[in-house]
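For reference, the structures are reproduced in the following blocks.
Two complexes are shown next, each including subunit A; its partner changes from subunit B in the first to subunit C in the second.
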Partner chain A sequence: MPLDRKLAIVDLTSGDIEIKAIPLGIRKKFLGGRGLNAYLLLNYTPDDVDPYDPDNVVLLAGGILCGTLASATGRCDVMTKSPLTGLLSSGNMGGFFTPELAHAGFHHILVKGKAEYPVYIFCHNGEVDIRDARDIWGLPVSDTQWAIRQDLGDEEVKSAVIGPAGENQVAYANVMTGIKNSAGRCGAGAVMGSKNLKAVAARGTMDIKIAYPEEALEFNKRFIDQITSAKVNQTMGTLGTPFIWGATNSWGGIRTRNFQYNQTEYADDIEPEHLDEIAEETCGEYHMTACYGCQVHCRAKYRIPDGPYKEVYDEGPEYTSQGAFCGETDTPNAITLLTANHLVDKYGVDNLEIGSIISWAMELNELGILPADKLDGVDLRFGNDEAVIEMIDRICFRQGWLGDTLAKGGIQASDIIGKNSFDYLIQVKGMSNLHSDERATPALALNCALASRGSDHLRSRPAIDLYHLPEPVLRKIYSSPIPYDGPLSSEHTEYIGKPYQVFWHENCYMAVDCLGICKYHTTFLGATLPNFEDWSKVLYYNTGLDMTPEEIWDVARRANMVERMYQLREGLKRDDLRKGDMLNHRYFDEPTRRGAPDVVGRVIDKEKFVKMIDEFYEYKGLDKEGNVKPETLKELDLEKEPSHLL
Partner chain B sequence: MAKVLYIDYQRCTGCRTCEQVCAVKHDGVLNPIRSRIKIMKWEAEGLYVPISCQQCQDAPCMNVCPVKAISRNEELGRVEVNYDVCIGCRSCVVVCPFGAMSFNPIDRQVFKCDLCDGDPQCVRFCDVGAIQYINAEEVALDKKRHAAERLSMAGKDSVALLAQM
Partner chain C sequence: MVEERDKLSTAESLRSTRTYGKFRCHNPTCMGRLEPKPGDKEIECPICGMRFRVAWVKKGFPRIRGPVWEHNRKIAEEALKKKGVE
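Then we have the complex of A and B:
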């Protein structure tokens, strides 16, 4: 049964390995994946631990549905304390690693301590070994996975690894699997590097019994039809996430030259249709690749057509890469995009964060805040493609003063650079914002400020807010599974009703992160995609666990609250610009300069914005300061946390 | 004539849904090693090729079987194993040129694709049409169409080139 999958606790200092069953009571409270990871992080880390201290833990987990027949459940949630933010580090990746881990008998791996020399962990059919990785240390992401397969003599081994960026403790290094799948954003790769842990590998041939196989098959078929019939997924399944680039950019929603403009000019070169033309399709008319059991298949395959990495194979690029390497840095060139996208995959570093930090440094250079003698000879101008590529190398290998400084992450770098450099850093809780410009969309701006792990679009973004859906449709979506009769607005420039949308999406995304399903299978970009009702059935048919949609909603609220408790414990304060729920002043002070009539000239109204935060806190059960109310803890059965039950 | 399984590997996204549903349909449990179909992957080149039984006319597995446990079922167009007769010697596994006859180490039995008795689940669940279940005479029709397209395009291109000269 999927519920039999275990937790392995690996102590790299002593070499001890402990394998524990996950009690049903804990499963019902947190399901698995990100929710259970948050519980374990709260329980297993001491207060205020340094992220690079051996006492910090790294958690890798599949959702409760991982290894079942449900669609797109190859997700892996990686959690630790972040060296980038000093708060919660949480990243989620697809691929084929966690299903292999589930067949090896495990859903959760907790790593603590620090190994004497580079090692990797190998999980296979109920057992866990720590193996020598000295010969593998230093290899790029993809080569590492092949080296592990060779070391074990088994090509079916799947692993979650770090690349040179993680080894060099770049504060936003990723944990990766496959060519492209990355658990990114907060620097979990650097924490693995600090533990001398190169990879966690898995190989399993154990049966996973499906509770009701016939029903699970038939329901999954219905589920897949629902997913593939959505226009948004059909488009994404042909062009990948870059399909939203053109519309968003012409509308005025792409942050350009750090935060100076909200539209990139002459950006046709990086449109997915053009990339498709210049990059030879790897194979056949269909040139997309998918994660485990997914029918959306949102990643393109390509070979770089020109430049220093000509003919090299990679996957993507994502919408995020377009923004990070073309929009923010104002270098909308296809070869730059494909090359930079390849480099971050090779070194194992977060594309969004590295692009964002390079564009920030470019603006500091333009303003004279970053003196010329600190640039190590790089011509750090906006629009200089070579500088973007060069800086990725320098940051990942911490070369020169600038490469080393930027590798520490935005806030630490701003402390070193000094002057008013911090004012230009577009971040929340120390994590850079996505390249999307939210000044015309208060709901999306609110999401950036309140996302648990720092500014982020995957924790609570109500992206469907941009569709201008009629109010009855919105009412239907947001009244499931809990009735909602408060205000709602179809208008994306409005402030009313948005806090509830953000609150609902926060719970929706947490629910799928606990179940282990990909967000493209939810109400993220498509309004007709599966919902709490469907997940309740999928969960029952596959695992036999009988939970109502309302109970899954409560799990999501509880898990979100555990993340909030962890953040508060580690020093989150509501109005703190470094560790709080507040946006950079430029959102409120600098009007947008470009874009459609409903975008140009807009700022976020700070007074209304603060009221939105108040309202969100009320829905969530927090007081005015953003602390957890005692009655909320009681309602969510979290009074005894950390309870150390597992 | 019975339908056949037609695999167009160029369409495959490598998602492995076919492996999942195959195992669950036949054994009620999820385990890729129980799947009759397997996607062979060259991850670093983005190449994914689903491999399954071709239901050969002159099947080597059938010919080699020392106890005649393997036979052709013309109605369903498949090669099938009679487990009442099979002695589990795995000779069929050795001779199959596609590796489509496998041995299940858990149940200690050989196993192969049975076309789900005429409703192959891998086909039903493959959203990109990389695995199709079609009439045998249509197998090459798609390829003929593409070849014809290429020829006619080449013809048009050469006319255009001539016109420029």
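Then we have the complex of A and C:
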């Protein structure tokens, strides 16, 4: 049964390994994946621990549906305390690692301590070993995975690994699997590096017994039909996520030159149709591929057609790479995009974070805040493709003053650079904003400010707000599974009704992260994709766990609240520009200048924005300061946390 | 709960609201429905005047590839001037 999958606790200092069953009571409260990881993080890390202290833990987990007959359950949630933000580090990646881990008998791996020398952890059919990785240390991401397969003599081994960026403790280094799947943004790879942990590998042949296999298969047909019939997924299966960047750039929702403009003009070279042509020319007609059990196929295969890395194979690029290496840096060239995308995959570093920090440094250079004598000879101008490529290398290997400084992350780098450099850092809670520009979309701006792990689009963004859906359609979506009769607006330039949308999506995305399903299979980019009602059935047929849609909603609320409790414990304060729920001043002060006529000249109205935060806090059960109300703790059965029940 | 196996979920019931062969103008408060003819490579919004390049995901499934840059830039500059933003 999926419910039989275990938690392994690995202490790298002592070498002790403890394998624990996950009690049903805990499952019902948190399901698995991100929710249960949040519970474990809160319970297993001391207050205010340094992210690189051996007492910090790293958690890797599949969702409760991982490895079952449900679609797209290959997600892996990676959680720790972030060296980038000093707060929650939470990343979620696709691929094939966690299904293999589930077949090896495990859903959750908790790693603490620090090994004396580089090691990797191997999970196989109910057992866990710690193995020597000294010969593997230093290898790039993909080579590491093949070296582990060679070491174990089994080509079917799957692993979650770090690359050189993690070893060098770049504050936004990723944990990765496959060619490009990344648990990114917050530096979990650097924490693994600090523990001398190169990888967690898995190989399993244990059965996963499905509770009601016939019904599970039958219902999954409906589920798949829902997923594949959605127009957004048909587009994604053809063009990948770059179509999102293209569509958003078209009307002026893309930040450019750090945050100076909101559209990258004449970006034809990196439009999704052109990238698709390159993928087809270099990898053939069937160049789209997918993660475990997924029907969307959103990932392109490609070879770099020209330049110093000509012919090199990689996958993607995602829309985040377009934003990071083309829009923000104003270098909209396909070769730059495909090359930079390859380098971040090779070194194991977050594309979005590194692109953002390079573009920030470019603006500081333009303004004279970062003087020429600090650039180590790099011509750090907007529009300089070579500088983008060069800086990726320098940051990942911490070369020179600038590479080393930027490797520490935006806030630490701004402390070192000084002057008013922090004012130009587009971040929330220490994490860079996505490449999108939300000055014309208050709901999306609110999501950036409130996302649990820092500015982020994958924790609560109501992306369907951009579709101008009629009010009755919005009403149907947002009134399930919990009734909602408050205001809603189809206008995405409006403020009304948006806090509830952000609150609903926060719970939707947490639920999907606990189940272990990909966000492209829920109400993220498509209004007709499955959510709570559908999951209730999928969960029951696959695991036998009989939970109503409302109960799954409660799990999501509870897990989100645990993340909030962790953030508050580690220093989150509502209006703190470094650790709080507030946007950079430029959202309120600098009007947009490009894009559609109804987009130009927009800023976020700060007074209305603050009211939106107040309203969101009320829905969530927080007080005016953003702290958890005692009655909320009681309602969500969290009064005794940390409870140390597992 | 699960005995209601055949009942459509909210998300499934919304399928009937899908439109095919059309997309919306990218101007946020316009959002006019645009319906390019098969094979069209450009389309202009009759309401706000923005012009877009059209790509076809497959037959009968158009999408906006991007703006007609010069045309839409002029509209944006005029709008910016009208709003008094320097």
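Miscellaneous remarks
Keep this in mind: the second predicted complex is superposed on the first by the 639 of 646 C-alpha atoms of A that agree within 3 Å, B and C clash if a C-alpha of one lies under 4 Å from a C-alpha of the other, contacts with A are read in each partner's own complex, and residues count from 1 in each chain.
We take it that a contact is a pair of C-beta atoms (placed from the backbone, for glycine too) under 8 Å apart; a residue touches a chain by one contact, two chains touch by 3 or more.
Quantities reported herein were computed from a predicted structural model and do not represent experimental measurements.
With both complexes brought onto subunit A, simultaneous placement of subunit B and subunit C is permitted, the two fitting side by side without a clash. In the superposition on chain A, A:Gly293 makes contact with subunit B only, not with subunit C.
Contacts of A:Met206 after superposition: subunit B is touched, whereas subunit C is not reached.
When the shared chain is aligned, no partner comes close enough to touch A:Asn351: not subunit B, not subunit C. Put subunit B and subunit C next to each other and count what each touches on subunit A; the higher total goes to C.
Using the contact criterion defined above for the overlaid structures, shared-chain residue A:Tyr313 touches subunit B, although it does not reach subunit C. Look at A:Asn37: by the touch rule set out above, it reaches neither subunit B nor subunit C. When the shared chain is aligned, no partner comes close enough to touch A:Gln501: not subunit B, not subunit C.
In the superposed model, subunit B and subunit C sit 80 degrees apart as seen from the Cα centre of subunit A, a figure rounded to the nearest 10. In the superposition on chain A, no contact is made by A:Ser421 with either subunit B or subunit C. Of all C-alpha pairs spanning subunit B and subunit C in the superposed arrangement, the closest lie 14 Å apart.
Taken together, the subunit A residues at the contact with subunit B in this complex read 67-69, 71, 96, 103, 142, 146, 178-179, 205-210, 213, 216-217, 220-221, 224, 228, 282-295, 297, 301, 313, 315.
Listing the residues of subunit C that touch subunit A in their complex gives 1-2, 5, 9-15, 17-18, 20, 24, 26-31, 48, 50, 52, 55, 57-58, 61, 63-67, 69, 72-73, 75-76, 78-80, 83, 85. Against subunit A, in their complex, subunit B makes its touches with residues 8, 10-17, 20-21, 24-25, 27-34, 43-48, 105-106, 121, 124-125, 127-128, 130.
Remark: subunit A residues 215, 219, 222, 226, 229, 231, 234-235, 238-239, 243, 246-247, 249-252, 265-268, 271, 273, 440-441, 467-468, 470, 473, 476-477, 480, 491-493, 523, 527-531, 533-534, 536-537, 540-541, 546-549, 591, 593-601 touch subunit C in the complex.
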